[in-house]
Structures are given as structure tokens and as C-alpha cells.
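Each in C-alpha cells, the structures are laid out below.
After this come two complexes, each holding chain A, first together with chain B and then together with chain C.
Up next is the complex of A and B:
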């Protein structure tokens, strides 16, 4: 009864073009925000923050970024790990070079630097398409990881080759470093995620988002009707890398605290984020959240079931996890190539007609 | 001749040998891509899986022993017999054919007509799945492959070439295993070409690669050809797995050679068997030479990780379909 357009009269153009046209969706949206901002921080403990919430928030940002490039603009990228590394190392260099500037500005700047790097690696996309491009983005992945390993300027000549986040404060509360409270980690990631999601939502609704989707659906046709492919593809690469850079900076500074580039930002990370948007749904913001939540929760759930309940050895559960993730991806692609987001869409369609579907 | 020049030649020869091994993996990709349009990311993991299976069968290991032990509380691990290499290879080929059938039957049959990118992602899922199954079946420790392949530098080549340089030159160092791998690769390619040219199945395979619908209309069974192609790719993967496994042990990193084969494919074109081989050679020589002349002295080494990709990337900007690929014609 609640979920329908009927009776919800719009009286202004603004109301007519708002993000959530259905009243129930708007209430749900505000309810989620209120719970996330005002309830969860008081209950979050170290285990929940470290194992589930903070990685979920950070991967959701990365998934939104990759979804803009792959889901909305149709350019498959396997370089996510490399771009996250750019964000992390840019953030580290900024944090250590300008210790007096707020970390929030550093993270945003790190996103900006990643956007520039991403746009540079996006240049070949104007000539190369499809699989060839996917493989070409691997060049970014391997080159960037190699560079952060070899050029010691990036890790301030530290002997271990690791980078460690120094302690930084936002409004007097530690958000990086060893003394960070779980709720502070959670809050800073949540704020960034909310802003990123808002930006992404509005970008994809507007002119630029439409030009991305036109390029995705058929680039030659889009070019003929007047979409500039250079601009569309490069902005997609830049915006996507901006988000991925922010997530990389948060991943390093807030979540891990200390990072070794090959381990934290290897090719596995690229695949992980790609799986998130496939399982979640290409070309859908909700899908980015759903996919990130799914792939963050799955290993935790498997560990709880396999190791804690059944008492199996850890390595066996890790192998099973590979099998299950692989099988799930194939299952999803066969049964629902549009991912969890499509299930959600179908549920909404059904709800609209409920209880009289005819 | 100066020693540096001779070392350069040695680097080129070794690069060619490495390139042959890349080409072996790339060959599997090309076979499947030509026949079904599937870009098979799992090729590297197939090589790992095949090599693991071979070692496991030879040592008489019980498959899934770890899992069975965890579920039933038993402690089995080996049957207690050793299987001779020939029989083990035969059994492994059977396993790869069964795998090909299963992949076709349970996954790709349901994905016919999907966009290529969906198929590609399905093969990434397949790669994860197969990697997990391989670990579950045979365990994840590093194995040595005892097939009795020759190892170490070839003394004969060293002695033959010793006289070329001055006193500080001791002849070319060439790994015997690389020479065997090159020979095997040549035989394999010749065999594949003969199969494709002179047998009924091979002709059907080429017909499918040419045009699916035309092939269907003259009575060629697509699903049969796809199983056949996946089986062939499995056998190529077995050969690649054996060669790489003999070189560096059968372990997880074996599956990463698939990543090395990707730039080879880009360079050679996804649809060309000669392209895969020439591309492999170019990548092999290119990355060894770059490491030798620029990478190791000036850039801190380990440039092999990315050089192949950069080379392929720069090359593609000028020729988007690769060296031997079919010309890409786009229509609205």
C-alpha cells in the first residue's frame, strides 16, 4: 500500500525530477542515513568496525568509482588496485609533506591526483576498445605497483618499503594512527561515502552521465549524434579514478594504517572490486553498495560457519571461499547478468502492483 | 666480437625461449577465442590445474583428501601407489576433457548470446573456481614435477660457442629445459595446424570460427565443437603447465603466467595462431632486452612485470587489432 506513485502529487518541477520519486523511497533513504549517522556510531565496536563496516564503506566508494567507468561508460578496467595505490601514496606524501593541513583536504587532493593519473591512463581508450582496453589497463596496474615498489621517494626512503600513516586529527579527534577509536574510523569513511554517492548519483543523472551511457551503448552512434567521445571517456576515467583514489587513501590511512603496495593493492584488489560491481549490478549505484556488502560479508560469514562452527582448518575454508566466490559469479552471470540491483528493481516493480498484480 | 655484444645475443636467445613458453599459454586463449568468442581468462589457472592434477595422479594422492578429512575426521592422504608418467599424462588429459565438457555443459551453454564482456567475466569466475578446486583437490603446497625432463644449462652449447668471444666469455648459457620446451611447442603447433587442416573435426572447428550460423546450417554441432576446443585448450594448458611447472615448481604463481600471455595476445591479435607465436617471441625478447639494457642498470630491475603491457599498449595505439588480428570494422 505504501509503495506507489499514486496519490503522491508533484506540484513543482523540482519535486518532479527528484532522485526518489516515490515517497516511501525518500523516507527509507532518510531513515538509512539517520541510522548510519546517529545510531550505528554509538554501538560500533572494534571487531565490527574492522571486519565489516569500515571495509564495506571503503569498498563501496571504490565500487562506485569503478561502476562509473565500467557500468555507466562501458570501459572495462582491471587497474583499480593500481589507482587505489596512487590514492594511498598521494595521501601519504601529502600527509608527511604538509603535516599542518587537515587530512580531509589531503584525501580529497589524493583523489584529484588519482583522477589526473587515471585520465592519463584513459587516453588509450580512445583508440583501444573492449578486451584490448581491459588488458591495456593491466599496464596501469602493474606499472604503478612496480613504481611504488622501486622509487623510494614515494615511501620516504623507509627501510621496509612500507608506508605508515602518522596520527592526524579532525576536530580534535584522531582519525588515523594507532589510537583511532572505531567510531571515528567509521564516521570519516561514512562521510566520504555519503558525499561520493551523492556526487555520483547526480553526475549520472545529468548531461555528463547521459553522455557516458551513450558511449557505453554504442560509441560510434553516440559520436554521430554529437557526444564528444574524448570528453566523455576521459571524464569517466577521471571521475572514476577520483573516487577510487579516495577509497585508496582511506584504505591506507584510516583502515590499514600501514601498507605494502604489492600486498594491499595487487591485481587481486582489481578483481575484487570488479566482482563487487558484477555481483551488485553494472550501471547501478545501489548495485555498488550491494556488491561491496556481499563480498565483504561473504568471507566473514564463511569463516564464522567454517572455522568457528564446523571447526575446519583455516586454509581449507580459504580454498572453499575461492570455489564459492567463483561459482557465485558464474551463477549470477547465468541467472541474473544485471546483478543484485536487478533483483531489487524487480522487487520494487512487484511492490508497486501489490497486492493486485493484474 | 665484444663480450657485451655476445651477452646481448645470449639475452635474445633466452628471450626467444621464454617467448615460446608465453606463446604456449597464448595459444590456448586463441583456440577458444576463435571458436567461441570467449576470452578465456582461466587459461593460466587451467595450466596450474592440469599440472597439479598430473603431479597428484603420479604421486597417487587422494583427491579432496583435506576436505574429506575435515568432514569425516579421517586422515587419508595417499593411495600408496605411484603412477607411471605416461599413464598419468593420459589420465590428466581425460580429466581436462571432462573439465571441458563440464564447463560447456554447466556454464557457457547457458551464456550463449550474451555480450562478450559477460562471457569474459564468467571466465574470471571460472578461474577463481578452478583455483579453489585445484587447491581443495590436491592441496596448496609447492610441488616438484618429476617427469625426468633435462634441467640446467646445456654444456654442449656452451662448449660449441666458447670460441666466439675472448677470454672472459664462456659460451652461451641456455637452459636445456627451454630447448625442450621450444621443441615441444613446435611439435604442438605443427600438430594443431595439421589437426585443423586435415581432419574432419578440424575443418568443422575452422568453420565454426568463421561463422557460427553458417556452420550450424551445414549440420555442425556447436556444442560438440566447443567441448572439443575447450579440450584442446586444456591439453595445451597441460603442456604449458608441465613446462612452467618443471621450470619453477607447480605452485599458485603458475596461474599468473596467464597475465603474461595477455600482452602477447594483444600484440599478436586475439584470433591468430601465428600471431600468438610471433607475439610471444617479441614479448619474450623485448622484455629480456629491456631489462638487460635499461631496466636493471637504470630503473632498479623487475621491469619484466610491466614492460610487456606497456609495449603492447604503445603498439595497440598505432594498430588496434594487433599484428595479425582481423581488421576491426565497426558499423552502427
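Up next is the complex of A and C:
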């Protein structure tokens, strides 16, 4: 009964185009923010942070990034893993070269470097579309991983070929390195996710977002009303890569701490993030969150059910998980190509009229 | 009625000087000559129709104007300046908007977003300002929204402004497409078969909108249309094309009585 537009009159265009047009949604949004910032940090333990919350936050940033490129601008990319690696290695090089500068600045700069690399690899998108572009970005994925393996300057000539995050502090609290408290890991990721999501929302609702969507829906018509396809596609690649670079930097520095590029940022990562936005919903920010939550939670949930409750062997559950994820992706592509976000939208439409649908 | 002097139409509208001048346009696709050495002009404030049988090269002509095709020969003059070969989005920035024969709307976006996209050439805030949103980007959005709302009012599509375009019926889609072109406040509006596939009432609505646009905003309109009744009623001057050649040019009455035009439409007896 709370979920109503009735009586909530919009008197300005600002109010009419706000993110959450229904009052109940606005309250829920602030409630989620308050809980995430003021409640969860006090209760988070190492297991929750490592298994669920931190990967969810980081993958949500990556999913937002890929969703801008694929969901909003319609350019399919399989290079997410490679771009995350760029963010991670940029962050590592910055951390080790300028140890006195704040890690926050390093992470943002890593995003900026990734944006430049992403825009460069986005150049082929001006000539090729669809599957062919996917293959071109796949080349970026393999090339970047190969480069970070091959050129030892990127991992500071370490014998193992790994990169390790040195300990860094924000306001006197360790956020990277072995002595990081779980809540500190959680908080830095949460802050970055919140800011990234706000930026993504602002960009997608304005002129740039509309020109991306115009390119996605019909590029000829977009051009005729004044969208410069070069600019629109390259900004999509750059902004998308900026977010993906930040997520890669956080994934390396805050979450894993030590990274071997082929293992952490291989082609599986590209597919994982792509599955997130497909299952979550292309062209929807909520979908990025939903997809990331779904694919982070699913393995944990399956493990809890299979190993802890039913007592099945771990390897069986691990294999079952692959089968179930695959089946779910097929299910979603057939039943609801617009993903969880669309289910959510339908539920909200029903809820608006509930309990008197006529 | 030739010559560049301004004149006043029978119903009292002021027609200005030459807005767009096509001089000796020739367009070839491989060995096929789609347009053969055609010249005509479009005057400020007039409704100019381009007619002709199927395959005459009318749409190709619009595509030349809007920058999709680059003619092998000939010059395009716009507002007294010779236009360099341009990409379509640059043409849009000159103030030329158009609609398509087959509707070319952005199906995944709402009606409002579609029409707002039409304002794109007027929106200037950069990436950073938009990322921050509060301040310049929001102010610009609201200012442009006001203009878009005027267009929405004008075309009587208030009720569907938040509806995704994919869900609309054909007639309304055509109207939304016109709205998107109008939102750009174009100096020259190109309409490629605005009434194709419409029933009589929808055609009447659309004709009224076209006349109103021309009347209230003073927008110059060039349109392609197959419905001769509509063309003869709406337009001030008509260009007739056949097989890529220009066979007639003048007021509807002049064109109607042109023997070559009658032959092209009705066929010539061979004996």
C-alpha cells in the first residue's frame, strides 16, 4: 500500500526526472545506504567480507562498467578481464613508484589509465560491430594478459611473476596488505562503488547516456540527429574502462593482495562479468548490482546447501555449480532476456496496483 | 516563380530567399546513375515537395542533403555557403533534421528520451559536468526539457511521454519521430514519406501538424510523399523526379499540367 505514485505530485522537471520517482523507493534507497555505511561495518567478519561482500562490491563496479559499454552503448566486449588487469597493474606500478601518494589517488589514476587503454582498444568499434567487435576485444584480453606476463617491468622484475600489494593506509587505517581489517576492506570498496554508481547514473540519464543508447538502438538515426559515433563509442569505452580499471585495482590491492595475471584476470573473468550483466539486465544499473550479487552469492549458497547441509563431497558441489550456472544463463536468455532487472520492473509495476489491479 | 526574390504565397505566408540550393547533383552507385544532374532550390519558409514514381531517386536526394551519400558531381549550398562533404552528424549541427521512410526511433528508450535526444545538438555540457550532474548539467537538462515539453504539447502526445517507443502503434511512432526532429528546432526539416502506411484520419492529423509546424515555427520543410492529394494541398512548390532526372519544378498547378509529368505517372502510349 506504500508503493504509490498517487498523491506524490511532481511540480518541477527535476522532480519528474529523478532516479526514484516513487517515494517508497527513495526511502528504501536511503535505508540501504544507511545500513551499508553505518550498520554493516560493525558486524562484518573476515568470512563475510572475503566470501561475499568485498567480491560483490568489486564485481558490481566491474558490472556497471561493462553495462555502460554493452548494455547502454551496445558494444559487446570480452576484454573485461584484460582491462581489470590494466587497472591492477597500473595501481601496482603507481603504488610502488610513488609510495607517499594516497592509495585512493592511485586507484583513481589506475582507472584513468585503463580508460585510455580501453579507448584505444575501442577504436575498432568504429568499423566493426557485434560478434566481430567481440572477437576484437577478445584479442585485447589475450594481448593484455600476455603483455603483463611477458614484460617484467610491469611486475617489477619479481622472480615469481606475481604482483603483491604493499601495505597502504587511508586516514591511518590499513586498507591493503596482510593486516587489513575486514571492515576496512569493505568500506573502501563500498565508497568506490557508491561514487561509481552515482557517476554512472548521472552519465546514463543525461545527454551522453542518451547518445550511447541512441547508438545502441539505431546508429544511423543517431547520426542523423547529431550523435558523433566516434565520440559516443569512444567515451563509452573510456568510461566503461574507467570503472573496470577501478574494480581491477581494488580486486588486486584490497581483495586478493597478490595476483598472477593469467589466473586472476583471465578470460573467465571477462565471461563472469558478462554473465553478470546478462543475468542482471543489460542497460540497467540495478541489473549490474543484481547480477553481481547473484553470481557471487550462488556459489556460496550452493556450497552451504551442498556441503554443509547435505554433506556432499566438495568437488561434486563445485562441478554442480558449473552446471547450475550454465543452466541458469540459458534459462534467463530464453525466459527473460532483460534479466533480473526486468523481473524487478515487472514486480514493481504489479506492486503499484496491488491489491486492486483494476 | 523563379528567381531569388522573396514572395508571398496565396495564403499570405512570407517566403524568403534561397535556404538550400542543389546545383547539378549527380550521384552514382557503381554504374547506376541514381541522380542525374539535378538542380533545385528550397526557399526559406516554404513547403517543398519532391515527388516521383518509385525508384526515381527521391530518397537518394534526401540522403545527399543529410550527408549519407556524397554526390560525385555537383554542389550543395546551404544558407549562402557551399557545403563541404560532411558526415550526417555534422549536417545535423547545421540545423537540418529529418525523419525516415521506415521509422528510425530508438526502440529501447521512452518517448521523452527519444525527443530529448533530438535536442542533442543544443546541449553543450562536458563529461565531467554531467558526471557531477548537480549544477550545469541539471540546469541544461531542465532548460531543454521545457522546449521538448512544448513540442510534446504541440504534437499532442502528452499521454505517452513515458511510454517505451517499442510499445507504440505505427501512427504514433511517426508522430514521435516528427517530434524528435522538431525538438532540434531545425532550419530545414526533411520528411521522407511522413504519411506512408497511414489511414485517412492519421494522414489528416499529420498534414495538419506539418502545416502548423510551417506556420507557427516558420520551419522550412522538404517532403517526399506519394499521396498526390496531400502533396498538391500542402506544398508551395514541387520538384518531380523520374529515373534520376528532374522532369518538373514549380507550383502544384504548374506541375499538374506538365505533360512530361503526366507521362511519367500515367505512362505514354507507344504505337
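One rule holds in what follows: the second predicted complex is superposed on the first by the 355 of 358 C-alpha atoms of A that agree within 3 Å, B and C clash if a C-alpha of one lies under 4 Å from a C-alpha of the other, contacts with A are read in each partner's own complex, and residues count from 1 in each chain.
What we mean here is this: a residue touches a chain if its C-beta (ideal position, glycine included) is under 8 Å from a C-beta of that chain, and two chains touch if they have at least 3 such contacts.
Being a predicted model, the structure only gives us computed values, none of them experimental.
**Student:** Given the touch rule stated above, what does A:171 touch, chain B (first), chain C (second), both, or neither?
**Tutor:** In the superposed model, A:171 contacts neither chain B nor chain C.
**Student:** Considering only touches as defined above, state whether A:228 meets chain B (first), chain C (second), both or neither.
**Tutor:** After superposing on A, A:228 lies in contact with chain C but is clear of chain B.
**Student:** After lining up the shared chain so the two structures overlap, which partner does A:17 touch, if you call chain B first and chain C second: first, second, both or neither?
**Tutor:** second
**Student:** First (chain B), second (chain C), both or neither: which does A:220 touch?
**Tutor:** A:220 sits against chain B and chain C alike.
**Student:** Could you say whether A:38 touches chain B, chain C, both of them, or neither, answering first, second, both or neither?
**Tutor:** Neither partner.
**Student:** Classify the contacts of A:278 with the two partner chains as first (chain B alone), second (chain C alone), both, or neither.
**Tutor:** first
**Student:** In the superposed model, which partner reaches more residues of chain A, chain B or chain C?
**Tutor:** After superposing on chain A, more of chain A is contacted by B.
**Student:** Once the shared chain is lined up, is A:199 touching chain B (first), chain C (second), both, or neither of them?
**Tutor:** Touch partner of A:199: chain C, not chain B.
**Student:** Would you please give the residues of chain A that touch chain B in one complex and also touch chain C in the other complex?
**Tutor:** In chain A, positions 218, 220-221, 224 sit in both the chain B and chain C interfaces.
**Student:** Contact residues on chain A for chain B in the complex?
**Tutor:** 76, 124, 127-132, 134-136, 138-139, 142-143, 145-146, 149-151, 218, 220-221, 224, 267, 271, 274-275, 278, 310, 312-313, 315-316, 319-330, 333-334, 337
**Student:** Report the residues of chain A in contact with chain C in the complex, numbered from low to high.
**Tutor:** 12-14, 17, 199, 202-203, 205-208, 210-211, 213-214, 216-218, 220-229, 235, 239, 283
**Student:** What does chain B use to touch chain A in their complex?
**Tutor:** Residues 39, 66-67, 70, 107, 110-111, 114, 116-118, 120-122, 124-133, 135-136, 140, 259, 262-263, 265-266, 270, 299-303, 305-306, 309-310, 312-313, 316-317, 320, 322, 328, 330-332.
**Student:** For the complex, which residues does chain C have touching chain A?
**Tutor:** Against chain A, the touching part of chain C is residues 66, 68, 87-89, 91-93, 97-98, 100, 104-109, 113, 116-118, 120-121, 123, 125, 127, 130-133, 137-138, 140-142, 145-146, 149, 180-181, 184.
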